[in-house]
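This is the structure I want to talk about, given as structure tokens.
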Amino acid sequence: MYDFSPLVDSFSHFFTETFSPFWAGLFSMLTLGVAILLFYAVIGLYLVYAERKICARMQNRLGPNRVGPLGLFQTIADLIKLLLKELIYIRRADALLFNMAPFIVIVASIMAIGSIPFAKGLQAIDLNIGVLYILAISSMGVIGILIAGWSSNNKYSVIGAMRSGAQVISYELSLGLALLCMITFAGSMQLSEIIKSQQDGWWIFKGHLPALIAFGVYLIAGTAETNRGPFDLAEAESELTAGFHTEYSGIKFAFFFLAEYMNMFIVASIATTVFLGGWLPFHIYHFEFFNKGMDFVPPVFWFFGKTAFVIYVMMWFKWTFPRLRIDQLLALEWKYLLPINIINLLVISFLTLMQWHF
Amino acid sequence: MGIEIKSMEYGDFNDNEALEELKKSGSNVLLSTVDAIINWGRSNSVWPLTFATSCCGIEMMATGGARHDFARFGIEVYRASPRQADVIVVAGTIVRKMAPVLKRLYDQMADPKYVIAMGACAVSGGPFYYNSYSVIRGVDQVIPVDVYIPGCPPRPEALLYGVMQLQRKIQALSMTSEKKQEGKSHRHRAEGKDVITKETSSS
Amino acid sequence: MEETLLDIELKEKEEYIINMGPQHPSTHGVLRLEVCLEGEKVKYLRPHCGYIHRGIEKMSEKLTYPQLLHLTDRMDYLSAHINNEAVALCVENAMEVEVSDRVKYIRTILAELTRIASHQLWWSAFGMDLGALTTFFYGLRDREKILDIFEETTGSRLIQSYITPGGLMGDIHPNFQKRTKEFVKYFRKKLPEYDQLLTGNVIFHERTQGIGIMSKEDAIDYGVTGPPGRASGFHCDIRKIAPYSAYPLVKFNQILFTEGDTFHRYLVRIKEMWESLSIIEQLIDNIPPGETMLSLKAIKAPKGEYYQRVETARGELGVYIVSDGGPLPARIHYRTPNFSNLFVLNKIAQGHKIADLVAISGSLDLVIPDIDR
Amino acid sequence: MTREEMTALVRGKFPDVKLGSNKQFPEFIAAPDQIHSLCTALKEDAQTKMDYLFCETAADRKDGFHLVYHLTSSALGHCVMLRTVLTDKAKPEVETVGGIWMAAEFYEREIFDLFGIQFAHHPDLRRIFLDDDWVGYPLRKDYKDSFTLEH
């Protein structure tokens, strides 16, 4: 019903028919790039806004409400200010690395967005190893963080970066294994295929208990991946002032700030795609009337609704839990999540072999 | 409590003379539009530095708390790193040992940066004006101040009003003129005496 | 910053030194900790204070007793009433006058309200130190209720200077009793919420239990009083040891633990809030009539030396007055609780992670102007 | 332990110690070279067990710097006040009691900072509140600087 492929196809037809192949490729890439950047900015800004409103709600406050209606333009004002703020160059800092770091972080998250399926056909690139691609790209961000911490010539930054490095590398394992569980179910790494395999039910429902466990592990590991919530050790305001981005000002700081929120969005959208059926509507088996109604809601809404839910849960984590300590954080990963995950993977492989899932 | 508090119209806040003076000068249409956008952004997003020395800091925390809620104005993003902060609210006494540190903090901040002197101690030394061998009599001897908030300690409402004054002041500034440093008052020490020279009205 | 001998010495050894403060979110003020790290582990640390040393003791030598009282609020501003009470009691003892029962009752109620307000703020800030940001708003929400009561009676929210030698600045507001009772009722319901949010949290337990253990001997040796001392089993509640004001009349428990870790320092304060509520409840309905200010001709301490100990929210506050008989003290010294509580940090934080250092210093509940005076 | 018992005990061990006039606590005035051994004795004696030094401070008086120690016993609950007078205002010096009570180490740093009293054998006698290059000792009565505004 809401298939975007004809629309996307007509665009690409338009380009290929009007221009030579080279220019067509260039123009379509440019269009996509601009679209993704715009999308990135809007989502990033409004995630910041949402977080501020949600945390205000949890804390009996109002949150931003003066700039524009309901404070909707608050983050835009922040962006304008950050854009025009002085960029401080740190003496005796490694200038090249120092300037490069924010770009690595932000490029990693922009690249990951390219392969997220927002709706049927609404996907910049449908790689046949989509899950692997996203995992690989989004974990590149940690290189940016490490470089930022190292090049800042600041002791707090180094500690923050080292923490972040240890954390992300460890939790990458859980993240990957949790996704591997679902890949075992779906039998494909292509994101569109994974969604297709959920047409008769989302994996979180079809996959029995193991899928639920994998989802839980994924959420924890995902939160840790984004350096947020109870796992925000890399920044750890009360310990390391601002962690790895202590020395960054103006728009470079804004890059880190935005990338954090975009990473959260990416993690949430992968969770949506792999566990919660992506843009597929919610169906109840043999309840045709209800299902029809659900089908009526456009897939984009389904996708963003589910993503918003996962993001909300992650924000909820952040505003409720105290922060873990670095050794506890690593203990949680290596002593609990990893073994659970491996056993879970074995169980799921067995289930898939026996064809016991729905 | 049963008291209905009517919200104050924005126009009801009277500008002080310094602000009126700043607003007077004109500039061309294009630049003033750009100015307006920039100033809108800057004035609505003043992030304070997590910095407090004494009692006023508690009232600053109370302002951030649920009842007064700083966040409504978009000021709740307390940054612990001076690089990312826009305004330093000097909440509390500054003593001779602290003054170089404060100066350094101010220098570490990225432009445009603003200073609010909160409380009697930061304005003038307050209760420690006389007989104290270590208290700096007013933070404006160390760094330029944009807005003074009297009180010991000022109520959260006073801080909110001070921040709103700062916002209005930012909106009156222009990027073309040399006004960035205007409207800040310094106090120079001349021959051991404090001489107050407000540089607000010079242009 | 100035290069201390220590810095130079350490450079030679190539140790990893970080400076926490003077501007650092977890030092709650302008304390500077010179922390030597090995990886994330704290090898040792050196506190540097004086960034808010205002010379209150010197200033007080030029002020009369009712005047110098105003400076005491500004030392430990979270225990302003109790600081005032300490000076007032000391001067009253010196003059050998006794205030009416009404004054004693009101002073005690205000002191306990102050204690609750202070612990609420500490709870807020402690949660923040550990990264649980929501506690900040829960604590401040309830604290505002107490500040309302203060404001109605004393005219000020934080720094009151309401208790003065000879009595009180004025009588309590007619609403005082009603609103205090309302608050007690309200807060009895809200306190369990604190437990739900933080005390029962698994991560919180992990972060605090067994961290920064202070033995009873250390507590006594370093003179650590107040909740940190009592968490180590040091019987140091001045309200019990040397009762003053209306404390001899009320029944309350001194909260004592023997574990002495961060978690028990936390627990002492939570339980103290319950005790304070019960003290207030015992007194609030029984405030006897009487005058609120003695008619004293002149407030002069006779020649001699006087010492008064009181229990603030952070521990033992001692006021030591040397008088030559005039209206001004010849020397006044404040033995402030935070000064003694600070230096034990090096001892108990060694070997822990830097995140634990933040938790430990948070659990000591330091107010920096009280250290530096 | 009552005031009389305390007096008898201290006078028994240290006959030179004079009795002070403080009404609140039993007060003993010892010579500067005696104070360390008096403190040690008070802490170690099983009858006194003065293990908690709750206040140590100084005062600038006409006859010299008065150094005042307030001691109490955490187990037995009795208090005592010790005093020693450093008559040489130009070069006041006394033995540290930091080895007996850790708390004293920091009180003494404060006293050194504000009064300029030297504590012999103190492990870390530096200024605590003021800058290292501060001239003078503010709590002395004759302290003058160009910064202070007299009222």
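For clarity, chains are labelled A, B, C and D in written order, and residue numbers in each chain start from 1.
Please note the rule applied: a contact is a pair of C-beta atoms (placed from the backbone, for glycine too) under 8 Å apart; a residue touches a chain by one contact, two chains touch by 3 or more.
Please read these numbers as outputs of a predicted model, since none were measured by experiment.
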Common contacts of chain A and chain B, by label, are C
Quick note, more Cb pairs in contact for B-C or B-D? It is B-C
Per the C-alpha means, the centres of chain B and chain C lie apart by a whole-Å value of 30
Chain-centre distance (mean CA atoms) for chain A and chain C, in whole Å, is 45
Chain C to chain D, mean C-alpha position gap in Å, rounds to 25
Residue numbers in chain D touching two or more further chains are 129-131, 138, 143, 151
Contacts with two or more other chains occur in chain B at residues 66, 80, 97, 130-134
By the touch definition above, chain C meets two or more other chains at residues 24-25, 50, 53, 55, 58, 62, 136-137, 141
Every touching pair of chains is listed here as A-B, A-C, B-C, B-D, C-D
Given the complex, residues on chain A that touch chain C span 55, 58-61, 155-156, 159, 163, 230, 232-233, 236-239, 241, 318-328
Chain D contacts chain B in the complex at 129-131, 138, 143, 145-151
In the complex, the residues of chain B that touch chain A are 37-38, 40-45, 66, 69, 71-74, 76-77, 79-81, 83-84, 86, 108, 110-112
Per the touch rule above, chain C residues touching chain B in the complex are 1, 22-25, 29-30, 50-55, 58-59, 62-63, 70-71, 73-74, 77-78, 121, 124-125, 136-137, 140-141, 143-144, 147, 157-159, 368-369
Per the touch rule, the chain D residues reaching chain C in their complex are 21-25, 51-55, 57, 59-61, 66, 68, 70, 74, 77, 81, 101-103, 105-106, 110, 114, 127-132, 138-139, 143, 151
